[in-house]
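This report concerns only the one structure given below.
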């Protein structure tokens, strides 16, 4: 994830207000005023303790700006439709990289024609470009999103677009700033057997990291008597990185050993749970509630 | 799945009682009496319409036998512990194939020693061999199961063992008998958005068949306004086969198009659901209930 | 539910555009322009088939209005804080009735003081009054809502307020218009046993209607082999009315009869599910997924 | 719950083996041998620390007995069908009290006739009386259970009957023995918003105790930033008693304050969760996972 301009959070937070403004003036597209109004003086800078603090203050600066300024902010964003093959000159370096990953260049002619037409309709309805945080998006994501969002009311789409702008800002922040171990979040798990009404003990679990859908094995675990991982968090410190992960729960073996009468090819055997970690400072609790014929998962706490 | 001795269900059901007994005398290990007492006369044979009917009648014949006969049935099963490398002569052909797939030969010395010791303990406690329907089991499955089941009371383990015997019988039946299209079940899906309180329309879904964990793409679908698959069942007729399958639900794209404010690397993006189809005559309904930060699945109807 | 001015939907839809505008000019508070611009001519009126159609067209008229007009619409709403005891003269008859049910008159002095202060803060931040659809709200609802919403950004609160305005309009519509049987929705149920992987057959269920929290028994049901109610929908035709309802599922008895080893005072015995029916034309499917130690419900389809 | 013969756990555990056998000789119906073989000497008695320990040792004594002795134990139980009005002389005092609560005396003639017939069928099939732990059972519970269980195989019903016998023993134990505060379990809660992906903060919750279905208010709570109860466990120490309880979660108010666009009569408003506490020494965690249109609960840990 690290890029040339990476800076350690502790170094960032020891900058002067002017230096901080300069460092973060590209977080919001072509809008250095956001960093300027977010970090006006020492008092604000000294109150910052985390990446989330930095983000919150910048987000609030946008929230407090005039309607005109917000509209201008939206308008400063590149037109997603002017894709790589056609014209990428107008994009900032960060935007270019983000669009490349969206594989928009792989649109078929029909898709491209639909996209162009809908994009024009969007622009003339709302007066600002279609904005989508595309780092993890495929062309289907983009097409499905514009198709739906062009039908929004002005108010709803204005809010949706600002949300995308903040999302892009957040992705730029986490790509630019390195966290010390002490600021990093961690990943935990818990398995409950809702047929037995007890923690699922002695269940094997594996964790994989997914890169472009390809799994890399990280570690295997066994649940303890409370259905939690022996040995504490599955990921913590520098191992806890933004990205996409997958648990595999060996549910079939578990129920075989608890006298549950499953079938030869059991309905549930290996249960995969894919989830994204987007906030490197947060605690992610991703549990499994399972019975022989059904399960639930959710972001816990 | 088909083996040399495969027979079409309709052909099977047109056999005389004696022919049927002969055909199915190996379904219960070394116990031709089960088929004999299950299919005594024309009346019973003519009442059979499905594979489940055949199985139910055989299962009932076991259920109605004396306690001694049931114990003998358990004792007729091979000792799982006498694995391939050691001694496979005593096994029937079907048992040998099933054990090979369990990869019991890959036990480490430590595992083998644990297995041998526990197996001896099991035999002396219960008086019959440890039985596990192993067609889809790995060595972990076997070790975890014997470790837990050796602690059962006699009554509980007796019931668990009979359940395994029926499971093995069922697997042999479905491997031996081909179903006509009209008897085959089908696979359906449904996606509900529990944050929006509505069917999840226009969600992309893919279906894969898993062979030894490797996915083979079958088809992609899009949900209609009621959250169901356009075009009816995902699998039906001869495409509906016993085995392990996986849906991929494109949940991230769906929420992006419904104004839900997900993160750049969303908590839920591609949601995989793995499930086994064990009964080729049944309807399998495998739905998804999803909100941006959690989901459930279950075997529906 | 019926009030003096009730009109049958079929009669409403046979009115001329001018008559329809006159009939519905009070649906949006002090804003007859909504009905006027929603129903400009015969073509629009003839396209209407349902209460939802009527509502959709009015909602769209609001959506298409200028920002100024929307703000004026918000400003036309009475100030919730000027409660009964203080000053109700400025309210329309409909608003007065709605506020009375909210029991705002029962605020303690401390609560009233908090409400007044927050209400002032709200008005000066947003420039329009705090709007909350209060027909089913208690004073806690109102206090909790204003406390949270005063912190919103302008854009978010503007959208939230418009949503409340539409909600009030909807409640006025359903109170004013009687539906013929053929337009009425219906209520269905389904119970799945996620421990057994099958429909929960022979489960007793009761349905109650709640009025101010007090239950009135409607009917009892037993599930069939597919886990659905014998006899079709639980409510349909004129029995299907907007309001709050409660199922009672006799889950403990069900599991007792399926050899599940529950405890003497089982974790789950009678399972109540309370739900609101807000759309008299819709299908409400309110199912139960249950295992001995956990359950889920949701609005299905 | 306390009865004349109540004894404090610490007093019970300081008895000699013979005294303990005498004290607990009625726990298993007409079978003092269970207590005798469970507590043979000082070593066993001194190893006991909890009510669960006492129960486990007695249960194990039953498990280790011969098949004949187990069958005799089943046969020692009274015939449920010889109800109060007809003949209660043969019952022990404890059994009489339990049957009275089942309201078996309120069977209609038709139900009684069905019960008698099925009971005879049961007895002649299995050779022991139909046993059901009836403290919390209604006549429907009894009728539904016997109707289903009479169809079991002998092995299955034998296991089911022993499970009922242990359940009765457990209920007698907890009715007879008082726990010191230090041995008592506690009740906790947690609310997660699966639409928002965060703990549900500031949600009001109420707890009621149900006696014969009538709720007695215990306390109200508000969730903290982590979605848990401010102030620790909802019940602990002597307030933590075996029985039936109900949470009310004010879900509608919560979503109203988080900008979720619910309807005027929201699908989910007050969410009741009823649950039984059967083990006075255990931790009961009864959480809610909720989105605007669906929720789950389960016994957590």
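Labels A, B, C and D are assigned to the chains in the order they are written; within every chain, residues are numbered from 1.
FYI, a contact is a pair of C-beta atoms (placed from the backbone, for glycine too) under 8 Å apart; a residue touches a chain by one contact, two chains touch by 3 or more.
A quick map from chain label to UniProt name: A, B, C, D = Parahox neighbor.
From a predicted model like this one, the values you see are computed outputs, not experimental measurements.
**Student:** If we define chain centres by averaging CA atoms, which chain lands farthest from subunit B? Would you check?
**Tutor:** The chain lying farthest from subunit B is C.
**Student:** Looking at A-C, C-D or A-D, which one is a repeat of the B-D interface (more than half the contact pairs shared)?
**Tutor:** A-C
**Student:** Just the number, please: Cα centre separation of subunit A and subunit B in whole Å.
**Tutor:** Averaging C-alpha atoms per chain gives centres 38 Å apart.
**Student:** How many angstrom lie between the CA centroids of subunit B and subunit C, rounded to a whole number?
**Tutor:** 45
**Student:** Rounded to a whole Å, what is the gap between the Cα centroids of subunit A and subunit C?
**Tutor:** Averaging C-alpha atoms per chain gives centres 34 Å apart.
**Student:** Using the touch rule from the top of the page, what residues of subunit D touch 2 or more other chains?
**Tutor:** Residues 156, 192, 194, 197-198, 267, 289, 293-294, 296, 298-299.
**Student:** Taking chains as nodes and touches as edges, what kind of graph is this: line, ring, star, complete or other?
**Tutor:** Looks like everything touches everything, fully connected.
**Student:** Which residues of subunit D touch subunit B once you look at their complex with the stated criterion?
**Tutor:** Contacts found on subunit D: 63, 70, 153, 155-156, 158-159, 162, 192-198, 267, 289, 291-294, 296.
**Student:** Once bound in the complex, which stretches of subunit D touch subunit C?
**Tutor:** 132-133, 135-138, 140-141, 144-145, 147-149, 152, 156, 160, 163, 167-168, 170-171, 202, 204, 213, 242-244, 250, 252-254, 256-259, 261, 263-272, 274-279, 293-299
**Student:** Would you tell me which residues of subunit C are touching subunit B in their complex?
**Tutor:** 190, 192, 194, 197-199, 226-227, 289, 296, 298-301
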